[in-house]
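Below: a set of structures, written as structure tokens.
The two complexes that follow have subunit A in common; it is paired with subunit B in the first and with subunit C in the second.
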Partner chain A sequence: MFYREAGDFKTSYKEDNQTFPIKFDRYRYYAVMFLAFAVVPFIVNDYWVNAIFLPFLIYSIAAIGLNILTGYCGQVSLGTGGFMAVGAYACYKLMTVFPEVSIIIHVLLAGGVTAFVCILFGLPSLRIKGFYLAVATLAAQFFLVWLFNRVPWFYNYSASGQINSPERTVLDIAVTGPNTDAWAKYMFCLVFLTFCALVARNLTRGSVGRKWMAIRDMDIAAEIIGVNPLKAKISAFGVSGFFVGIAGALLFAVYLGAAEAGDSFGITKSFLVLFMIIIGGLGSIFGSFAGAAFLVLLPVLLKNVLVGTLGWPTDLAAHFEFIIVGGLIITFLILEPHGLAQLWRVAKEKLRLWPFPH
Partner chain B sequence: MKLKLATLALGATMAAGPVMADLVFPSLSYRTGPFAAGGIPFADGYADYFTLLNERDGGIGGEIAQVPECETAYNTEKGVECYEATKDAGALIYQPLSTGITYQLIPKVTADDIPMHTMGYGRTSAKNGKVFSHVFNYPANYWDGASAGVNHFLEQSGGSLEGKKITLLHFNGAYGREPIPTLEALAEKHGFDFNAIPIDYPGQEQKSQWLQIRREKPDYILFWGWGVMNQVAIQEAANIRYDMNNFMGIWWSGSENDVKPAGDGANGYKSVQFHNVGSDFPVFDDIQKYVVDAGKAAGAGDQVGSVLYNRGVYAAFLAAEAAKQAQDANGTSAIDASMMRDAMENLSITADIMTAAGLPNFGPEFSVSCANHGGDGMSAIAQWDASAQSWSLISDFATSDASVITPLIDADSAAYAAENKIEMGCN
Partner chain C sequence: MNDMNHDSYVTADGRTIGGVVMEMKNITLRFGGVVAIQDISFDIRQGEIRAIIGPNGAGKSSMLNVISGFYNPQEGDVFYHGKKRKPMRPYQVARQGIARTFQNIALFEGMSVLDNIMTGRLHQMKAGLFSQALWAGRANREEVENREAVEKIIDFLEIQSIRKTPVGRLPYGLKKRVELARALAAEPSILLLDEPMAGMNVEEKEDMSRFILDVNDEFGTTIALIEHDMGVVMDLSDRVVVMDYGKKIGDGTPDDVRNNQAVIDAYLGVAHD
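Moving on to the complex of A and B:
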């Protein structure tokens, strides 16, 4: 009933391999895109953008980045926070050194710098695997945060080591700095998210993505059938770093406006993004969105319900938030170890057959 | 992408906005996380003082004061969320009690025309009101505190620090790194050796730092810690039998919570304070009578008179005084954030005002001006007496070394102004 697939014939490979082969899904995707680009910017206010949309959009980019590395290529990384810090500090240095260059280019370059750093720290992955690689990336996390705290050049020798994002514009509309309109920030991040999601989707269904998945599923077998592990792993680290760097740059420049390596990009950030992809679903673009939404929006929703609606004391509500979110995570992972994406996939299969499951 | 739809649906419940109130003083507090030990008494004091004004005086100038609380857990992202959630309710003033959140809010409050008061924390160079029009850090800032500490050590060692070693043990974050430039400048001036030892968040493990201290044997230690790391540092100092007379914390490292776990070992530990300590003030009797005994206390009511509770009361008192002066200046009781800012810029706290509020001799007298948002930077030294279980001031309120601090403030604020293209005000 929900999916009326009768008459939805595919007559070419191209049609058969599109991202949303089912007509209903495709139209819903168009509708969401239309809503996101043409409706939401006109109705959002400061609170909505700063408390809900920006963190969701930015963490989605980070989750896509980590999902490429961990979900598609099977390389566990605990260095996401550190790599986001690279993006943020690269963006800051570029913004202050080349103020006349467009912020879009700075964000992309920050992604590029992070990709390079990520590749450097990814080199050991050729020798070590699994938990040992996780420890190596953990070292990257601590080293990078230490570096940004330690070397004053990175924060332009300011007294406290904080970095502040100055005002920058796109087409004469401010997108960073305090005088930015809510919709401008939202659109800026949305464009980057759309770009990243499209690139990620197309990479992962092409030959590059198949090589990553081959490495993930069994690296020796992949090598025997002709996948070069060096290229596959390094490219996964590079692409992942690019996305994570963009997320870090946006987090600092657009969302927070000021940041400090240890505080904003600590180990908790690495775990947060890792939990996002585990809960959302490893190896799924949709899972990255779902996981980011789950971990960003649920605490805000709970807080508003518990404190705003029920009038609980803030500390009690904060503790209950941990209990509820933690409980939900455990419940989800027991019911569906492959994450929200798999839950959605199963639901969709059921809906396609419903009401005649046999 | 699909989740956006669900997000929108959730929106209806999330957007439940607060009601427009009379005078709104949002409290961005933290009652959870590793800094809760410091956050709870401050938030209690802040809320209780306004409750007292409502219960005893019927509000401020006849307007009821509201203190909506929002939990930040000292987390900058939650701080932004809290700011956005509360600012539309007519917020008059923000006091985030976190240097990290302060840095984020400085540009935002300036754009939204809401004043922010960072009492003894935040960005030190905000003292320069020509650049930071909406940020106030009276009556004292970190650099005043660093200078006061060094001055005390100077006195203690007989007028000269030549060849002495002073170590700064600090939280490795914006807050802990703030005093470093001042201490470096003071080291040059007084000829002492200065080095800084950072402690990473949250600071429950400090063995390596204290090993370094045992090796280097500094003559004096200044300590910039917060939350759980305070207790650990003082315990570690007691363990290595470091002379507590030579160990001094900033005002955020000098509460009862910090010294009590070390027992007698903490006896003699010092801290810089910019307000008085103890519960021997008339206002606390009123708080006990109108707030705690009436069952209206924000917390458990057991913190009254502790150092950080006093600080919360002091912060609320300064905010309430500014609101009163704004009401007088504008001839209306329903003031807005912009009037509040103007009043804070012309705020003057005299002995009479403090006595009238039940806080005689509680803090230094000071006045604020357009160019000077930081007051006179007066601070005093307090010492912990483990047998009496109490803090007491061992010096008078004294000014800091302005000849060192003023050029640093000018340089740092000028750098901020240049980076953000801010034109100097107050002409």
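Moving on to the complex of A and C:
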């Protein structure tokens, strides 16, 4: 009976509308923040940061971004990989053209550039919906990758066609480049994730979020009550692009260190992030985290169990992963479209009443 | 607009009905070959409950859709507060203080009752994207202020116990009530109700009738409503427009309309030639 709301009365609407209305949730949130900021950085090693924490943090940002657009505003996008590439290349150009400016500014600006590009490609959403919009964003995906491979200006005419992340520091601590400590990379991405999650949470609980959801649930009724569909969709594409761009910038600059548009930001990235929000839960910030954690951890787990313990060949294990992910997607789409987040919510609802369900 | 009627009068139950706020002039609306509305004119006065009745397919919903900017008529004009209205998008009409409900409920199924009603207050919420992103100052203040206004409507319509329930889980009668709440949240000067009591049982109909009368009485909201149930219409409305096959066949007080031969024929199903 630790998890309860009895005796936890709200005396103002402000309290009722906070991010975690139940005390226990709030405490758990503080505990997680404490662990993430004050414990993990001191105990992580290279393997944990590179195999698990960095991809989790960065994909969480991307998943939040896509969830805003698809889960909250109902606009399907298969262009996430391409938009992450925009963030990565924008960050690279900014880092090399303005080396004296802080990397923090560069990452934020990369998000801004991506927001702009995302809005441009989102304009057709005013005329087309569903499947046709998906195809249009797919076209954006291929166009953007082609553009970054084709125009040497984007990769500063390097012979390999790759972009490489130069060393940049925050408070004299390297956060990008080959000599970066694992904990520094971790902290840098964690700060961005925290910022993005808070912004996303604030937007989705206020009037902008309600406009997005209104458009998602019934665009005609939304327009009747006064939602301007143009503005609502454009703002969803913009905010989504901002987060996805930040994720792309971090993936390139901090995690990969070097990238090439086709390899690092191909269509598989688009699907990966889409699967994350489907499994995690459409229209849920928590679901974005859950989905990212799940799809980052799954291959690591499978590899350890199948290859490490059972001695399967690596390629067989990799194929097995496809089968599992595919099966899960189908299961979730059919049985629980709101994903892990909904399972969690149901479990909590039961817990709230336990042990006296009546 | 020289024929606009500014005389106000007091009804038998003591409500003041003002001058004309909205006037439909010679409206014709066609869908391809189908003439949904044919050369119809009528007006709506400040503070009255104006009913539109008629058999199925008469063009009643189409008429509300014209008023709310959903369809633009091929011929005729809409005058609002004496001014001719340009063709408008529905969200622009909403901004002028005209709210509505739908014949087939149009709520946001994935959102809670509270969030649905809060969407009705979008015009009152002006905080920009950045202010909301940081939940700073204005965004926070607005959210609380508007929540207070919405809670008043929730109390008024007696739906306190379901405010956090996702709309998709509600029974039909309650959904209709939530839809009314969302429309009221906008604090409209004109409220358009498309068959607010369709599919309800007697008890639910009585509740809804009471709410409609209370809204009109307490907030002074002008109401135009479509209803099938003649008994309800006679009880609620100040004046009635009768439509049949896209044409206006009657217009007047409930008593006038009840005794109008064309109306009796339409309702008794006298064969059309």
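By definition in this document, the second predicted complex is superposed on the first by the 343 of 358 C-alpha atoms of A that agree within 3 Å, B and C clash if a C-alpha of one lies under 4 Å from a C-alpha of the other, contacts with A are read in each partner's own complex, and residues count from 1 in each chain.
One rule holds in what follows: a contact is a pair of C-beta atoms (placed from the backbone, for glycine too) under 8 Å apart; a residue touches a chain by one contact, two chains touch by 3 or more.
Keep in mind it's a predicted model, so treat the numbers as computed, not measured.
In the three-chain model built by superposing on subunit A, subunit B fits alongside subunit C with no clash. Of the two partner chains, neither subunit B nor subunit C is touched by A:329. Taking subunit A as the reference, the larger set of touched residues comes from B, when subunit B and subunit C are compared.
Applying the stated contact rule after C-alpha superposition, one finds that A:139 touches neither subunit B nor subunit C. Within the superposed three-chain model, A:147 lies out of touch with both subunit B and subunit C [touch as defined at top].
Looking at the shared chain after the overlay, A:199 reaches subunit C, while subunit B stays out of its contact range.
Contacts of A:191 after superposition: neither subunit B nor subunit C is touched. Of the two partner chains placed by superposition, only subunit B is touched by A:263; subunit C is not.
Of all C-alpha pairs spanning subunit B and subunit C in the superposed arrangement, the closest lie 19 Å apart. Those residues of subunit A whose C-beta lies close enough to touch subunit C in the complex are 12-14, 16-17, 199, 202-203, 206-208, 210-211, 213-214, 216-218, 220-229, 235, 239, 283. On the side of subunit C, the complex with subunit A involves touching residues 68, 70, 89-91, 94-95, 99-100, 102, 106-111, 115, 118-123, 125, 127, 129, 132-135, 139-140, 142-144, 147-148, 151, 182-183, 186. Note for the complex: subunit B touches subunit A at residues 1-8, 10-11, 13-16, 18, 29, 31-32, 36, 40, 69-71, 73, 76-77, 80-81, 84-85, 87-88, 99-100, 103-104, 106-108, 110-111, 123-125, 172-175, 177-178, 180-181, 198, 200-201, 408, 412, 415-416, 419-421. Residues of subunit A that touch subunit B in their complex: 28-29, 32-33, 35-36, 40, 46-48, 50-52, 55-56, 96, 149, 156, 158-162, 164, 166-167, 177-179, 197, 255-260, 262-264, 266, 286, 289-290, 293, 297, 300-301, 303-305, 307-309, 313-315, 317-319, 344.
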